[in-house]
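The next part holds the structures, each set out as structure tokens.
Shared between the two complexes below is chain A, which has chain B as its partner in the first and chain C in the second.
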Partner chain A sequence: MSTYDLIFYLFAAITLLSGFVVVTSKNIIYSAFSLLFTFFGVTGIYALLGADFIAVVQLVVYVGGILILLIFGVMLTNKVTNVDLKTGGVNVLPAAIGTGLFAGALTAIMSKNYWRAGNITYEETTIYTLGSKLLLEYSLIFELLAILLLVALVGAAVIARRGRES
Partner chain B sequence: MLELFTELTGNALLGMIINSLIPLVFVIPLALFFVWLERKVSAHMQDRLGPMITGSHGWLQTFADVLKLLQKEDIIPADADRKLFTIAPILVFAGSYAAFAAIPFSSAYIGSEIDMGIFYVVAVSGLVVAGILMAGWSSNNKYSLLGAMRSVAQIISYEIPTVLVILSIVVLAGTLNLLKISEMQTAYFWNWFIFGGPEPGLIKFLLIPFMFAGFLILYISSLAEVNRTPFDIPEAESELVAGYHTEYSGMKFAMFFLSEYANMFVVSAIVSAVFFGGYQSPFGYLGNSLGISWLVPIEQFFWFTAKGIFFVFVQMWLRWTLPRLRVDQLMAVCWKYLIPYSFVNLIIIAFLELYR
Partner chain C sequence: MESMSVGLTHFLVLSSLLFSLGIYGILTRKNAVLVLMGVELVLNSANINFIAFSRFGNFGYDGQLMALFVIVLAAAEAAIALAIVLNIYKSFHNVNVDEIDKLKE
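Presenting the complex of A and B:
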């Protein structure tokens, strides 16, 4: 087993185990904090795949932003922490059929598909190509996304302010 | 450096582990030194002597303190959340230690020569934020929770001006790699980015005032990111006892303390790498003029450490000079002043770079 494999299995194990805790834990705070390790594991896998920019963005956006927001939300809504969360099983049969079909489809794709495994030369870093693609080829979409985020921000501010006045 | 360790040990994994442990050998003595320095600086600024008994001028004081902390009983409050209470200090230290991976100590040693460099350093500080929140919540103490909330709100807000100033340097340098940014500012001190960068010309002189403004914004927001005075409201003793680490004692407290001082060094190293040439000497190298090539990395390491320690000293200096801000003042400084100024600064620097 090479070092690369070892590190891959380490990150995969972190992702799977913490993801399992997220779903099964009865304490919502534990779920929120183990989501941190899930995001971290995914970051490691991105980095191993050579997607360095996506890996760091994953860390900035999910760990530094969304997760903190989530934990803040969980903590400030104090009553939620005392409620017993439902982690038992309901509708077992439809869920089993659904997941079984999905797992079957995934394994079929994995085994039947022709995976091109060759010597691909990785780019040293992806930021230069990513930057020129975003700002030259897809600049319209990029700008539209920026406007969408701005609209969402202004909307959130307006909603928050209206609540205070009434 | 990684190849060297791999060759020496004959094992890629072992080489990686040794390569990643080197900053630890550097950080721990440095943090001990900083704790001593803080005591002495504060004492001399208040016309006291500070620790004088343990060793000459008390230099052994922090070693004695560490011995004491090691022997202390590991107390976990009865109502605290045991698991998260134990994980939190480890997470905080891991976050601040991870930043050392992308910082060039000299041209010979950098933990990992990733091209994301400085962006990565900004990103891993997210782990510290999560760890602080975890510590505050799991302590089950209102002071801890309030301190953690304040700290997180502050760090997240001040990340924006920090990133904007760093972005303006990235515009000039054309790379995120801290090693390359440091390499650019070679030879003499007028090639540092604080003096307009390495390329000569009229634009270089036009850039200088905006560089100084950028440096001030970056330094102020880096103070807020490491919770130092005047931005130490998360640990305001008169209001919150000790903030998020109120309930911690013994080795767990020591880990928070260690990561705090490690963080102070990280932000100082970032400031010196983007504005003050990183590991570069302000004037040539003795090794080059004597023709001894192995001396150059050692000199570079000396300059890197000296610049880092200098900026940490300035942080201490400010701590014992300035009073603490109020929460509303803290937010006003960030959102009403630093962010607009850093935006304008970024736009001007980008225009100047465009018409170079």
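Presenting the complex of A and C:
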């Protein structure tokens, strides 16, 4: 077992264990902080796959942006001072059986299938290739995403303010 | 399979398990913010698939770009969804998805 394998299993364990805590913890704050470790684990997986730029983007956008947003959402919609941060689950047993079967089937398909792997190309850094692709081949999608982000920003502000006028 | 060194299959199995965890969270959670966390897990598992196939599938870097687009869409989705959750909290004073069953006050 090489070092690469060990690091993979370490990050996979971090991702899956903290992901399990995210979906099962009774305390919302524990879930939010476990999500932090899940994102870190996934970042490590991206780095292992040679996607250095995506790993950094994952760290900046998910940990620095989305996770903070989610924690704000928790804080603003729960009575923090009255210690009402507990949450229950619905349909736990049927959902556990269903997703367990689903996970088993999906894992079996993924591991039994013969994937024809191509030549693995090693490159020092992916940033140059990604940047030129983004601005040449995918420039339309790039611009559309810019507009989408602007619309989402304005839309979120409008939706969050709506109740205040009445 | 002569040796069990980490390859494409390992990454795909990891993403399948993460996907199932996310689906479980979406199905069982009552709090809307926790349902959103389940959605984030699902999006992350999809991203692992994209990047794993980009690495092992000899498709160049298109898979990594798709993962980048997914991250952007996830950011937009989280912002909009939390705005909606805040609005729901203002109207109903809780965000439990099993109790909110009115479209109008």
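Keep this in mind: the second predicted complex is superposed on the first by the 124 of 166 C-alpha atoms of A that agree within 3 Å, B and C clash if a C-alpha of one lies under 4 Å from a C-alpha of the other, contacts with A are read in each partner's own complex, and residues count from 1 in each chain.
By our rule, contacts are C-beta pairs under 8 Å (C-beta built on N, C-alpha and C of every residue); 3 or more make two chains touch, one makes a residue touch a chain.
Given the structure is predicted, the values throughout are model-derived calculations rather than measurements.
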Message: In this superposition, which partner touches a larger number of chain A residues, chain B or chain C?
response: C
Message: By the touch definition at the top of the document, which applies to A:Ala156: first (chain B), second (chain C), both, or neither?
response: second
Query: Can A:Thr125 be said to touch chain B (first), chain C (second), both, or neither?
result: first
Query: Counting only touches as set out at the top, which of chain B and chain C does A:Phe53 meet: first, second, both, neither?
result: both
Message: If we overlay the two complexes on their shared chain A, which of chain B and chain C does A:Ile29 touch? Say first, second, both or neither.
response: first
- request: Please work out whether A:Ala12 is in contact with chain B alone, chain C alone, both, or neither, and reply first, second, both or neither.
  value: second
- request: Identify the overlap between the chain B-contacting and the chain C-contacting residues of chain A.
  value: 2, 53, 57, 65, 72
Task: Give every residue of chain B touching chain A within the complex, in rising order.
output: 12-13, 16, 81, 83-84, 87, 114-116, 119-120, 122-127, 129-130, 133-134, 137, 145, 149, 152, 156, 159, 176
- prompt: For chain C, which residues are in contact with chain A within the complex?
  reply: 5-14, 16-25, 27-34, 36-38, 40-41, 44, 47-48, 51-52, 54-62, 64-65, 67-69, 71-80, 82-87, 89-91, 94-96, 98
Statement: Counting only contacts in the complex, chain A reaches chain C at residues 1-2, 4-5, 8-9, 12, 15-16, 19-20, 22-23, 28, 31-32, 35, 38-39, 42, 45-46, 49-51, 53-54, 57-58, 61-62, 65-66, 69-70, 72-74, 76-78, 87-92, 95-96, 98-100, 102-103, 106-107, 110-111, 115, 117-121, 126, 129-130, 133-134, 138, 141, 145, 148-149, 152-153, 155-157, 159-160, 162-163
Statement: Contacts from chain A onto chain B in the complex sit at residues 2-3, 6, 29-30, 33, 36, 40, 52-53, 55-57, 59-60, 63-65, 67-68, 71-72, 75, 124-125, 127
